[in-house]
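What follows is a set of notes on a single structure, which appears directly below.
Order as written gives the chain letters A, B, C and D; numbering starts at 1 within each chain.
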Amino acid sequence: MAKYVPRVLINGYGVIGKRVADAIAKQEDLSLVGISDVVADWRVKMAQTKRMNIYASLPDRVDEMRKGGIEVSGTLEGLLKGGGVDVVIDCTPAKIGAKNKSLYEKYGVKAVFQGGEKHEVAGVSFVAQRNYEEALGRQFVRVVSCNTTAICRVVGGLHEKLGVSKVRAVIIRRAVDVWESSRVGVMNTVVPELHIPSHHGPDAQTVIPSLNIVTLAAKGSHNLYHLHMAMVEFRSTIGLGDVIDVLEKEPRVVFVNGSDGVEGLNSIFEISRDLGRPRGDLYEIPVWFDSISVSPDGREAYLIWATPNESNVIPENVDAVRAVTELEVRREDSMRKTDRSLDIVKKLY
Amino acid sequence: MAKYVPRVLINGYGVIGKRVADAIAKQEDLSLVGISDVVADWRVKMAQTKRMNIYASLPDRVDEMRKGGIEVSGTLEGLLKGGGVDVVIDCTPAKIGAKNKSLYEKYGVKAVFQGGEKHEVAGVSFVAQRNYEEALGRQFVRVVSCNTTAICRVVGGLHEKLGVSKVRAVIIRRAVDVWESSRVGVMNTVVPELHIPSHHGPDAQTVIPSLNIVTLAAKGSHNLYHLHMAMVEFRSTIGLGDVIDVLEKEPRVVFVNGSDGVEGLNSIFEISRDLGRPRGDLYEIPVWFDSISVSPDGREAYLIWATPNESNVIPENVDAVRAVTELEVRREDSMRKTDRSLDIVKKLY
Amino acid sequence: MAKYVPRVLINGYGVIGKRVADAIAKQEDLSLVGISDVVADWRVKMAQTKRMNIYASLPDRVDEMRKGGIEVSGTLEGLLKGGGVDVVIDCTPAKIGAKNKSLYEKYGVKAVFQGGEKHEVAGVSFVAQRNYEEALGRQFVRVVSCNTTAICRVVGGLHEKLGVSKVRAVIIRRAVDVWESSRVGVMNTVVPELHIPSHHGPDAQTVIPSLNIVTLAAKGSHNLYHLHMAMVEFRSTIGLGDVIDVLEKEPRVVFVNGSDGVEGLNSIFEISRDLGRPRGDLYEIPVWFDSISVSPDGREAYLIWATPNESNVIPENVDAVRAVTELEVRREDSMRKTDRSLDIVKKLY
Amino acid sequence: MAKYVPRVLINGYGVIGKRVADAIAKQEDLSLVGISDVVADWRVKMAQTKRMNIYASLPDRVDEMRKGGIEVSGTLEGLLKGGGVDVVIDCTPAKIGAKNKSLYEKYGVKAVFQGGEKHEVAGVSFVAQRNYEEALGRQFVRVVSCNTTAICRVVGGLHEKLGVSKVRAVIIRRAVDVWESSRVGVMNTVVPELHIPSHHGPDAQTVIPSLNIVTLAAKGSHNLYHLHMAMVEFRSTIGLGDVIDVLEKEPRVVFVNGSDGVEGLNSIFEISRDLGRPRGDLYEIPVWFDSISVSPDGREAYLIWATPNESNVIPENVDAVRAVTELEVRREDSMRKTDRSLDIVKKLY
C-alpha cells in the first residue's frame, strides 16, 4: 500500500513563503506541489529558475504573469478544485489569509496560516514545542509571528519548568524586511508602539493562555532581526543555574556569547551566514548567555535574545503540516525530522 | 557694594561644552570667562568666530592650537592660578574630569563634572528638581548623564508623589553623537549591553537612593536621542490620572502626542528645530502622552519618552553653578532663572 | 505716500513652507499674511503657537482643522478673493502647485512655485544669482529644487566665468526628509536612479540653457543633505587657482575643509547647528576646499559639495518675491537684503 | 605518478579569508591545508566546528588561542618550515601581508596577496579575465580589491573590445563590513574621499595600464555592497547595442533589471541569498541593464552596477593559485573550473 505523502502548496512567495517552499522540498515525508503568487517580478522568476510549479493565486493575474515571463501552471482555485493539494501553507500578506480561508473551506483543503492573521481565523495558534498536539487533525492552524514564536520558545520554556508569575518584555523590532528596504523603512529614528501592551503579549497568550505577560515594542533603524529584552518574574525563588538549565534543554534555543565577540544582531547574522545555510537563515533563537542574570532576591531573571524574523518560524510551518495531517502525533517525532532536514542545532559554534 | 557674579570657565568644548558655554553666556547672574580645549578643528574655530576667549587645557597644546589658527589666551592652569575663575564646568571626555580634579583642588576653584565621571569624583550627583540643596556650597558636584537625568525627572517625580516600589526601564541608546558619526557608529544592528543591570539604574540611585530600579540598555542604529520605555510598579494602587497629574506638574517634562503625528524620535527632533532654539536643542523630556497606561490591577504604569542626549543636561549645569556658589539657595529660584533664559516650556506646541 | 509692502501668503506649511514663512517674516520690505494648509497635526499647531494666521487651502478642510484645535482664519480662496494677498509662495507637495495655478490666475495674484513643479507651470525657472532679471514683473516664477539650485550656484558660476564644455555630476541624495523619516525611507541600501540622465541635468538647463550637463543620481541611506560630486570640463585650460577664485567670489557658496575635521554631511550639519540659525539651517552651498582639483591636462576640474536640501532654496524664495513684485530690479540689491536678514555668510567659521 | 595537488593555506580568517577557505576546499585540483589566525573568537571557533586545521599566525598567540578553546595545530612558521604548504593566500588586514612577505620568501612558498597591499608587494596585480597569464609561475601575485576587480571586469571589457578614451567613475562605498558593524561604521551621513582621484583609478591601472580613468569615492551609510556609476568615453562612436554585446559576453558580469523590481543594493543582496549560495555570496558583478545608456553623440556610455565587496574577489583568489602554480596556463581553463565549482552564472534569474 502506498504511503500517504501530503501534497503541499505554498500560497504567497514572499519572505516567508520562499523559505517555507525550500523547507518543504527538503522533507522526505512531504511533497511540494508548487507555489502560487500574483506577480512576475524577480522573486517569482527565481522560483521558475528553481523549476518550481507556479500558479496564479488570482485568476485575473494569469495573463500578466505570463506576459512577465512566468510559465503559469494554472490558477490556485483550479488546482484546489482538481484535488491536487492536501495542505496549503498560506504565506500571503497579513489579512489576505483570512480572505483566502473560504476558498480552502470550499475545497476542503487544510491550511496553515501565518501570524499576520488573527487567532480566530484558525482557532489554534501554534508553536511546535509548546502545543503541537492541539493542532492534530485540525483543518486550520496558525503559526504565530516570529516575535511570538521566540517568546513562546524562550519564556514558555521557563514558564513550563520554573513557573513564571509575570513577564515584561521589550521588543526592538527591525523596521522592514531586507527585500523591501529600498522603498519602505525608517531612518535615523526609533518609532515606539504607543499602545501598551503591544500586541505581542496577548498573542503569546493564544499559545500559552496561562502566561502573564506585558510587552512594549519599538521599531528601530535596522532591518536585521528583532531584539528582545525580557524581565521574567517567577512564582518562587530561582537561581541562575535553573534558568541556564532550562534553556540548555529547550529545543530551537541556542546560546551565543558576548565574550566570543558576538556583539550585536549583525554578529549573529554573520554567524548564521557562516553556518552555510540557505540565505544565511537562522531557525533557532540565539540567547546571549552572558546577558542571563538573576535579581539579588532570586525572584526575577533578565535575558536578551535575537529573533531572526525571516526564518525562525520556518520549522514551525513544517511541523504544523505534520500536525494537521497527523503524519506524526508526537511533537518530538515531527521536530526531530524537521530539525534534521534543516540542520537545526543546539550549538552554533 | 559690587554684586557677586561668579566667573565660569568651560573646560572641553564638545557636544556638551559648547551648549553649556552658550547657556552660561545667557545668564544675567553669571559671567562666561571663556572655554578651554586641546585642538584647533572647526569646532574650536567656531568658538573663536563667536569671540569667546580660548585657553589650552594642556600647556603642550598651545603651539599646535596657535599653529592651527586659534588665538590662545593662555593655559587653563595659568588662568586658574591667576584667580580668574570661580567655577569650572568640566565637559571633557569621560574619565578626564577625574584627572583634572587635582588641578581644581590645587587652585581651590569649584568644579561641575559631567555624568562620564564616577559619583565618587564629586560626591554629589545632581538633578536640579530632585536634590538641588545637596549641592549648596560644595566644591564639587556631578551633573548626571542625560539618561540618568531623564529617569530622575520622570520616574523620580512619580516616586516622590506616588511611591514607587520597583522600576524596570529599557533604554534604546543612540549609537553616537551627530558630530562624530562620520567615524564611529554602528550600522544596521542593535548592540545590547550584556551586563544587567546596565549602569543607568545604579546611577539613578546616586541621585535618588530610595529608588528601586533595574535598567537594560541597547545601542540602536540611530544618532538622534535615546528612547526610554519604563515599567513602574507602585507601592499602592494608582490610576492613569494620578500619573498624568504628576507629570503635568513636573518641571522640565513635557507631553507629545502620537495622535498629533509625533511618531518617533525624528518627529521630536523636528519639533525642537521648529521651536527655533539654538542647534534645535530640547532641554525638556518629552513623554508620549498616548503611551501612558496602567495595568488592569492598578499597580503598574507604563510610559515611553525620548531623552535628548545632547541638551537635556544643559539646564542642570547652569543650576549646578548656582548651587555650588549659593547664588540661589532654593531650587525653584535657580530653575526659574535657567528656564526663562533658555525658553524652557511646559508645552511644546 | 505709503510704501508698497507686498503681502505674502505661504501655501503649504511643510519642510520648505515653514522655513519660507519664517524668512519672509524677517524681511522689512515684505509682509507675511499667514500660512495655508490642510491638516491639524503638530506642524500646523506650531504655526499657531507662533501666532501666525492659518488658512485652509481647501474649503472642506476647515471643519477638520478646527476640530483638530486650529483657529482657522478662513479659506485660501476666500483670502485671495478678498484681495488680501499680493504673492502666494506655493510650497505644496509636487504637482499640487500646478493644480493651484488656476486659482492664482483667477484672482490675479502672483505666485512663486517650487522645484517639484515642471518648468512649464511658471515659464521661468529661477536661481537669484543666475537669472534674477528674467523673473522681473512676471506673474509666475519657479524656484528650482535644492539640487538644481546648488548646481546652478557652483557650476553655473564656473560656467559664467571660465566657460564650461561639459559637466558630469553624481548626486547622492538623502532618502527622505527628517520629519517623515519615521514612515518612509530606505534602509541599508543605495537605490540608483536608473534613468540616465537623471532629471537634475535637464532641470539645470531651464535656468542656464547653455550648460552642457549630464547627471546621475542615487538615493543613499541617510536623511541629511545631498552630496554632489562634479567633474567639470572646460573649453580651455584652467588652473586650480581659477576655480578657487570663482568660488571665493560666488555668492551663497562657502568653503569647508576636511583638514579642519569636516569629514562628512554630518559635520556640516553640526556646523550649521553651531551657527545658531533657526533649525540649524544652511542657506549656502558648502564646497570642500580640499576636494577641488584639476586634471593633469588642465581641462577638467573635480569638486565635492553638500546640498542642504531643506534650506538652500529659502533665500531664492525671498528673492523671487522681490523679482516678481519688482521691489528690487537688480539681483545684487535683493540678495543683499535677503542675505543680511538670514545671516548668510561667505565664511562659516 | 601522483598528480600535483597544490597545498593551500589561508592566512587570516576574516571576511575574505573564510570565503577563500571554503572556495579552495571546493576545488578538486587544490588541497586546503588549513587556516591561520591570531584570535579565538566565534569566527575562528566556527572554522573549528567545520573541522579545519587551525594554525597560529604568530607564535605568541598559541597559548591565548588554546586558552580560548581552539585546538591549535601549530604555528604558521612551523608549518611553512615543515614544507607542508605550496601557496599561502594571505587574507590578513591591509599592510600585514607586506610584513608577512619575508616569511614567505624565507621558506620559498608562493603567496597570493589581497588588494589591501600595494602593487609593489607582489609586482603583479591580478584580475583573471584581464591578465591571468601575467601571473603564471610567479612567486607573488596580488588579487586587487573588490572595487578594482569590478572596474576591471566591466570597464576593462569595454576597453578591450571597444576602445575607451577616458573613464570617470563614482564609487559609493559601503561603510564597513557586516561583521564589524557593531563597532565601527558611519551613521546618517555620506563621507567623501577628498583626495581626487581616489585610489581606485590608479589601482585599476596596475591591472590595465592603458586605461585612462579617474575615480571619485564616498562612504555611504550602508554596509551592503558598493555602488559604481561609470561614465565611459570611447575613442570612436558606439551604440547601445555594442555596450550590451560586450557585457553579455564578459565573464563574471551579469544583468539585473529595475523593471523586474531590482531596486537597490538590498534587492541584489536578496537575490544572492535566494540563489542558495553560502553566505548569500555573489561572485559576479550585477550591472543594471536598464541603466545602460549612450549620450546623443554616441561618444559616451553610462552604466551603474553593484560591487559585492565580500565575495567578488573569491574566484580571483582561486584562479590566482592556479596561475602561480601553473596548474592551468590558459585563463579560460582555470576560470571554467572555478566558475563551475562556485556555481558562477551569466544569468541570475
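The rule we apply is simple: contacts are C-beta pairs under 8 Å (C-beta built on N, C-alpha and C of every residue); 3 or more make two chains touch, one makes a residue touch a chain.
Since we're looking at a predicted model, the values are computed, not measured.
Because chain B and chain C share one sequence, their contact can be compared position by position; here over half of the interface residue numbers appear on both sides. Averaging C-alpha coordinates per chain and comparing to chain B, the farthest chain turns out to be D.
Between the CA-based centres of chain C and chain D the separation comes to 43 Å, rounded to the whole angstrom. Distance from the chain B centre to the chain C centre is 36 Å, each centre being the mean of its Cα atoms. Note on chain placement: the centre of chain A and the centre of chain C lie 48 Å apart, centres being C-alpha means.
Within chain C, the positions touching two or more other chains are listed as 178, 181-183, 186-189, 191, 221-223, 263-267. Within the complex formed with chain B, the chain C residues making contact are 18, 22, 41-43, 45-46, 48-49, 178-179, 181-183, 187-188, 223, 256-257, 260-267, 269-271, 273-276, 278-280, 349. Residues of chain C touching chain D in their complex: 168, 170, 172, 186-192, 194-197, 214, 216, 218-225, 227, 229, 231, 258, 263-267, 288, 290-291, 293, 295, 300, 302, 304.
Against chain D, the residues of chain B that register as touching in their complex are 175-176, 178, 181-189, 191, 221-223.
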